[in-house]
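Starting off with a structure, shown below.
Chains here go by letter, A, B and C, matching the order in which they are written, and residues are numbered from 1 within each.
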Amino acid sequence: MKNYTELSDIEDLQQLITEALELKRGTPTLEIGKGKTLGMLFFNPSLRTRLSTEKAAKLLGMEVMVMNAGSDSWKLEFEDGAVMNSDKAEHIKEAAAVLSQYCDIIAVRAFPDLQNKEKDEAETVLNSFKKYASVPVVNLESATGHPLQALTDAITIYELNKKDRPKVVLSWAPHPKTLPQSVPNSFAEIMQKMDVDFVITNPEGYDLNPEITKNTPVIHNQDEALKDADFVYVKNWSSYETYGRKLTEDKTWTFSAERLMQTNNAKVMHCLPVRRNMVIADEVLDSENSVVIQQAGNRTFAAQAVLKRILEEKVKQTELGKNA
Amino acid sequence: MKNYTELSDIEDLQQLITEALELKRGTPTLEIGKGKTLGMLFFNPSLRTRLSTEKAAKLLGMEVMVMNAGSDSWKLEFEDGAVMNSDKAEHIKEAAAVLSQYCDIIAVRAFPDLQNKEKDEAETVLNSFKKYASVPVVNLESATGHPLQALTDAITIYELNKKDRPKVVLSWAPHPKTLPQSVPNSFAEIMQKMDVDFVITNPEGYDLNPEITKNTPVIHNQDEALKDADFVYVKNWSSYETYGRKLTEDKTWTFSAERLMQTNNAKVMHCLPVRRNMVIADEVLDSENSVVIQQAGNRTFAAQAVLKRILEEKVKQTELGKNA
Amino acid sequence: MKNYTELSDIEDLQQLITEALELKRGTPTLEIGKGKTLGMLFFNPSLRTRLSTEKAAKLLGMEVMVMNAGSDSWKLEFEDGAVMNSDKAEHIKEAAAVLSQYCDIIAVRAFPDLQNKEKDEAETVLNSFKKYASVPVVNLESATGHPLQALTDAITIYELNKKDRPKVVLSWAPHPKTLPQSVPNSFAEIMQKMDVDFVITNPEGYDLNPEITKNTPVIHNQDEALKDADFVYVKNWSSYETYGRKLTEDKTWTFSAERLMQTNNAKVMHCLPVRRNMVIADEVLDSENSVVIQQAGNRTFAAQAVLKRILEEKVKQTELGKNA
């Protein structure tokens, strides 16, 4: 694995899941990361991603340097050819090239503005790091995707599943703010790679990017969608069609005990942080059906498996270089 | 020791002091903390507590992850049953449970608002972590107590004392701001456990919570209280009676050379940060009598002793589990 | 080396450069820093200095504790005898003495205000740490100097130079903000110690402190200065004469391809962050002549060489103490 910025960087999902679960059972393997440094750069706040990735790196023996872009460091310019006379003191070209000398892997979190679809879909921050960094880049959630979360989700479903082909429903929920589509996008993409019966349910106007949902059924009737569900992934996102807008706060979409009853005693998932009694009701989150804590715990092993793969690729490249 | 959130978590104070002083003389013991992670969560600023606890953990071989709540991460909701439609994105239930999967010990700093006595005494932040975390919790100063500081104070007095039963005076001092009672509370509590002649002196209206001071004499005449003192712990706090208010800035309470002359050549203590020439005069802080730097240095060993105890308890529980 | 707060702390520049380049080629030497802690205190933002110094310390086996002064901790009072009734909660006397107990080396970044020449030249923050800390102090860029950058610059010139006595030009450039003179000051000072033909070129009104430039030719005609240059160090600084002011934004001083043509195919240097198309044009930064990334990479080895020297001095002093 050369980078992990999108799900297509995974060549063998099943093998990666198996490896993550082995790492979960296993003891730390402090050799492969020894003397290597992970640099984590946050343009936005983070709890799980920050701590689980830091922990994963340390379990591999790596050193970790964490930086809040903007407050700890300089504001970055991403535009090519800019005359830099604004408040942006450093160009991404230099920042990425310099970080590549201090870090063996660079991990970046950069949310979308949700103002301009084209701009967000250009993934300027992440792609600029990919372009100008000379070391592997890991996506800690970008404008349109969150592949570390998606891998965690796949691991959790694999770990909990007891069926041949479980039914997995991604179910929209109301929220007071406008949120990115990155988590549902990546979840949809990874479910399409798994042996599951996957459907999405959301109100009209909330259909995700059809280039991502592809052939996945999108059902606007939540009752119908939840029927026989073995896993329900509850999540809010802002409209993709009326880009970045909140069209409704319809509480009938809140995942309640009543909704749970419509399923096949489903396991309930969420990437966290979750707004209680807006997105999922207390009675569900505090029930046996909720697996959100276990899911968050798996973040460590997803990150560990990905970082391990990247470090192994580097070792392989070095060996190839020597033998050439 | 299962947690260290209040002084009653100490079963054997004398033994803990002795152990801390052994750690102070000794070399790092990097085995017990190996592969273990301390997560430190700050809702308020910190210098000594942050660095000494981080250092203590590393001296035990632990990894440390530090986070500023609010700026690095999400705002937390503490109310049970809340409909989360405000700016608080994550409930403590999830935050504490998730952190428990990434950390082997969670340490939390959360000051009081000093607006509402009942709310502050509920110790919502600390107690919520204790309630919802599945790993031990350490108090890095909470609304009403600072047990790591108190242990440091006890260690310092034990280390410096040359008498059978020294006289220790906790002496109020003026300050431009309104400060919590957490440090004097915990100091009073730990002095009550030591073989010392302990008195508190403060202006009228500044008596601490009588449930904490108990039988400790509270003397409103500073001249009288300081007589024969071997140790004077100088500290400002806001009124407990007129809760959270500043009633006076009377400079005669500033601990000056003149005040020092009233004592038995006392050692002068303060938890730091100290407002020079408001709380303690330059002439005292810069004299041989001041032990505030040595006291701050002991913070490391107090934290180290506490973390070591907690790790040992975990080992013991694991062993018991295996043999059961 | 007892401290590294100014260039005069270097006794043997050539030997230090050689050692840094050996560290660059070499493998980590994790023994000398084992069990030692570097404390880094930032009063201003930092990217390269923060990460390269952290990395350097870890390559020596040290633990690193990083703190943003002001946001993570308390505001510091630096005035002697102050009655501390403002928003500054802690005096540097205590802060430096306490940090000295938690850290084996303290590194500090504190920029000038550029309002008052005398105040900035007093180097209050750095000198207060030197005065009150009981451990070595390292300058991570102060009001008037940046000796870690200067050492990096010397290393880079030494590494790239192919001539007996290369011509090195420090060339002023326009910038939208008013910047300190610390980088050009330290660069001038270290060039004066090297076997190079060193000249400075800047517009009238921008002459650096004559006590620093000493006998170095200061040429106001950029055309003339750049002739035959083997290395050009491009950098903006605010006026020293009309202290802290921006007198011009004259774009003819921007280092463009045309300017590069006036040199002897010079290597182009900058400390970064660099404002593209203000300070240096894209066409130069993206050309083979630019060595700014290599230069930034050398920051690690400059810091590593300095920290190693300081740790060695400590070992030596301990040995001397034992044998005395």
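Before moving on, here are some points about what is shown:
Keep in mind that, in the parts below, a residue touches a chain if its C-beta (ideal position, glycine included) is under 8 Å from a C-beta of that chain, and two chains touch if they have at least 3 such contacts.
Since we're looking at a predicted model, the values are computed, not measured.
Superposition of subunit B on subunit C using C-alpha atoms only gives a rotation of 120 degrees, nearest 5. Under half of the residue numbers at the interface between copies subunit A and subunit C are found on both sides, making the touching surfaces mostly different. Separating the CA-averaged centres of subunit A and subunit C is a span of 39 Å. Annotation for subunit A: residues 71 touch two or more other chains.
By the touch rule above, subunit A contacts subunit B in their complex via residues 27-28, 42, 45-48, 50-52, 54-55, 58, 68, 71, 176, 272-278, 282, 285-286, 292-293, 296-297, 300.
Interface residues of subunit A, counted against subunit C in their complex, comprise 35, 37, 39, 63, 65, 67, 71-74, 77, 81-86, 89-91, 93-95, 97-99, 101-103.
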